[in-house]
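In the two complexes below, chain A is the common chain; its partner is chain B in one and chain C in the other.
Let's turn to the complex of A and B:
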């Protein structure tokens, strides 16, 4: 793989999708306002849960805000990259425009996963980081090198897990054509990620750790922030992320053999 | 000696197709237990195409033309048989193979809808490893050939279908492919846009010696571009050969309308041994075989007092229409 070529192409992707989005100013403005209101709403909701005794599942409100911060960053990444690209896969397959992607001398997964961006998602990512910095301050977290690297590793793994699940579901479109509902269900489960895993009952904790690994996505990075994380959990997240990423890649290449292209 | 650039041997393709009975009962049954059957859409076909050839694929809707084209460019895996395009197995989609080919579909577009075509061209340039200088040079050359200029800077959504198609062609040809797969490229275009596109394709073929595989329902596309046609009927090849031979076979006679000076001359001509289609006063229509047209006309002009004559070719669509419904042409 020629890294320089891929960087050059990605620069073009960034530019063309930004230019496309900027054609519709009002839409961007509405998206930005929605992102701010959504964050305010989520924090308000979270504060209501903590009103009675100040603790949920052993977490204080200030600590739970870290989960919210990580969720906001991940949601921003979802809105910036996953939503505009991965939901398009369904359209590409239904309308047969995947043909053009497959005939380009470039990796098809790279092309369909990164071609578009939604710039309003950037604001959400920034808001998430602001919230995290605020949490670092109020929770008096020490910004050491090991803390920063572990946070980077766990958040990157969360992004990989989220991407892989979403991409895996979108790939099944090659057989089932319409899988939109499955993606909506996944998005609904992701809302769970706004709360610490300990807030749920044992059975739900098992479900969100094994079947839909929401626990890995937000709770483990949050535990790193609070110094509560254990090494085995971080290693497990790295393994889960790698397995998910490799499986989604293999699954895509396997699925392409069954691609029949839409009739003309 | 010109080399084969496409070599297809005993190619077949089957798809699993599900069928559904009408009505609510059928819908529920279809939801819980889907009846699927394997349908062979391409049946054991073989052909070769030489470098620089323009070959037209003819066939009715659903005959399998587009499936053949998609297997040739590597989009669909064949079920049986072998395909070699430019020395590559297409379905492996190797980078060098993909840099050698292009697919243009009249009903699908790859240009970025909200941006001017020029932005899509530069994106394609980076995908095909072309530097900015080379990309600029190729865009200039192709836009001159396609006679587009200002359109390159207007958002795609505001272009007419004809302008959009020209831009699609430019985007598809920027990497100077050796093999062009065109699936109904003139679909929906007006007569002038169709003619311009055909002119461009002919010019491109002359200048680059590119091989072109074309499907179209507009017979003018086929007759003006393709010397050779491959007729596909229900997934099998019913004819593979020269177009003019096929036309001669399908329409062996021409109709000649002769306007005589007087009705007496017309009666004399009627009784002279030619096959008469009809006669109205001094106008008589004869049916004459293609291979005796010259000698017959000489006889008529020498022996009868003729005021005017018209040679009527049967409409090409009508002639080719016969191909679409017939299984085999042995010429």
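Let's turn to the complex of A and C:
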């Protein structure tokens, strides 16, 4: 794979999609307000949970805020990259325009996963980082090199897992053109990621660790922030992330064999 | 005579839309599944014994969240997304020529979808009762009828609000982002994630004047047999409908004057 070529192509993607998205400037402003309101809403909900209890699933309010911050960052990433691109797959498949993507001398997964960008998600990512910095302050976390690198590793693993799940579901549209709503189901499950996993009952915890690894997505990075995470959990997350990435890639290549172009 | 004609139109619309919706059974089933967030919230509440502080027993709380799920299932509105797509594609122009407000079409679409959704919601409720057999109850007929009425009124309020937002499509192309913004307070304040009684005092003092608690909290409390003020709830719902309807009419008349056809 020629890295330089892909970087160059990506720069072009960025330029074209930013140019088209900035056509709707008020939209971006409204999306920013939505992101802020949504963060306020979830903190409000969290404060209801904590109003008469000091701990939920062993987490204090200040600690649960870290989960919230990481969720906001990941949600921002989803809104910036995954959502606009992967909704496009459905359109490609339904209208048969995937042909044009496949004909291009570039990796098809790269093309459909990164073609578009939604700039309003950036603000959400920034919002998440602000909240995280605030949490670092109120939880008195010492910033050290090992902490920074570990949190970087775990958060990037979370992004990989999240991407793989999204991509996996989008790929299934090659067979079932109309099951796009599966993404809505995924979104509602991901909602769980706003809360520490320990606050759920045992059966749900098992479900959300094995079937849909939401546990890995927000809880393990938050544990790293608090210095609570054992090494095996971090290693496990790295393994899960790579398994997910490889499987989603294999699945895409497999699914392409079944792609029969639509319309003209 | 006029009434008869009107009746026939509604009936035909409903029939057409129902057969249309039956085509999309799988999609609607997935939609229904994506509404299960209240059950996750219930899990957090009961697993951490948070309900003790608001004096609601486990059983009553699980009934509340089940009813919240039901009310939400039958008051989901997406008219702004349909209308936006139709107006961007230029489909609104032929609708405008017809001697029938196009919103009747969307209204019939929503009702037909609710009928299609009903069996799926029942299946989900059935599974809920398998896991929580102690929360089975049979509401008496009067309460059941009243809560169906109030759920329908809640649907009407949301339909009117979204239709008003949809009319903004006449001025801006992307009204759906405004709807996404308005959805956030609906999500957090309507009682879908936490019953309104659990809200802190500084919110409870003004929230009953807004339409939000009457969207989910009031019908769900009514149906589940939790304490609620029936006459205030119903009258507030009706007051909000009477406030919103003239607003919708006005914005519709203004909007159609502004209308410029798009697409083909």
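The criterion applied here is as follows: the second predicted complex is superposed on the first by the 264 of 264 C-alpha atoms of A that agree within 3 Å, B and C clash if a C-alpha of one lies under 4 Å from a C-alpha of the other, contacts with A are read in each partner's own complex, and residues count from 1 in each chain.
We adopt the following convention: a residue touches a chain if its C-beta (ideal position, glycine included) is under 8 Å from a C-beta of that chain, and two chains touch if they have at least 3 such contacts.
Just so it is clear, the structure is predicted and the values come from calculations on it, not from any experiment.
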Contacts of A:37 with chain B and chain C, given as first, second, both or neither: second
Which superposed partner A:104 touches (first chain B, second chain C, both, neither): first
Touched partner set for A:185, first chain B, second chain C, both or neither: second
Touched partner set for A:206, first chain B, second chain C, both or neither: neither
Which partner, chain B or chain C, touches more chain A residues: C
First (chain B), second (chain C), both or neither touched by A:239: neither
Partner chain in contact with A:95 - chain B first, chain C second, else both or neither: first
Which superposed partner A:48 touches (first chain B, second chain C, both, neither): second
Partner chain(s) touched by A:27 [first = chain B, second = chain C, both, neither]: second
Residues of chain A that lie at the interface with chain B and also at the interface with chain C: 24
Chain A - residues contacting chain B, complex: 2, 5, 8-9, 11-13, 16, 19-20, 23-24, 95-97, 99-100, 102-106, 257, 259-261, 263-264
List of chain C residues in touch with chain A within their complex: 24, 26-27, 30-31, 33-37, 40, 43-44, 46-50, 52-53, 172-174, 177-178, 180-181, 184-185, 187-188, 193-194, 198-200, 203
Contact set on chain B toward chain A in their complex: 15, 66, 70, 73-77, 93, 95-96, 98-99, 101-103, 105, 107-110, 112-115, 119-120, 122-123, 126-129, 155, 183-184
List of chain A residues in touch with chain C within their complex: 24, 26-27, 30-31, 33-34, 37-38, 41-42, 44-45, 47-49, 51-53, 56-57, 176, 178-182, 184-185, 187-188, 191-192, 195, 199-201, 204
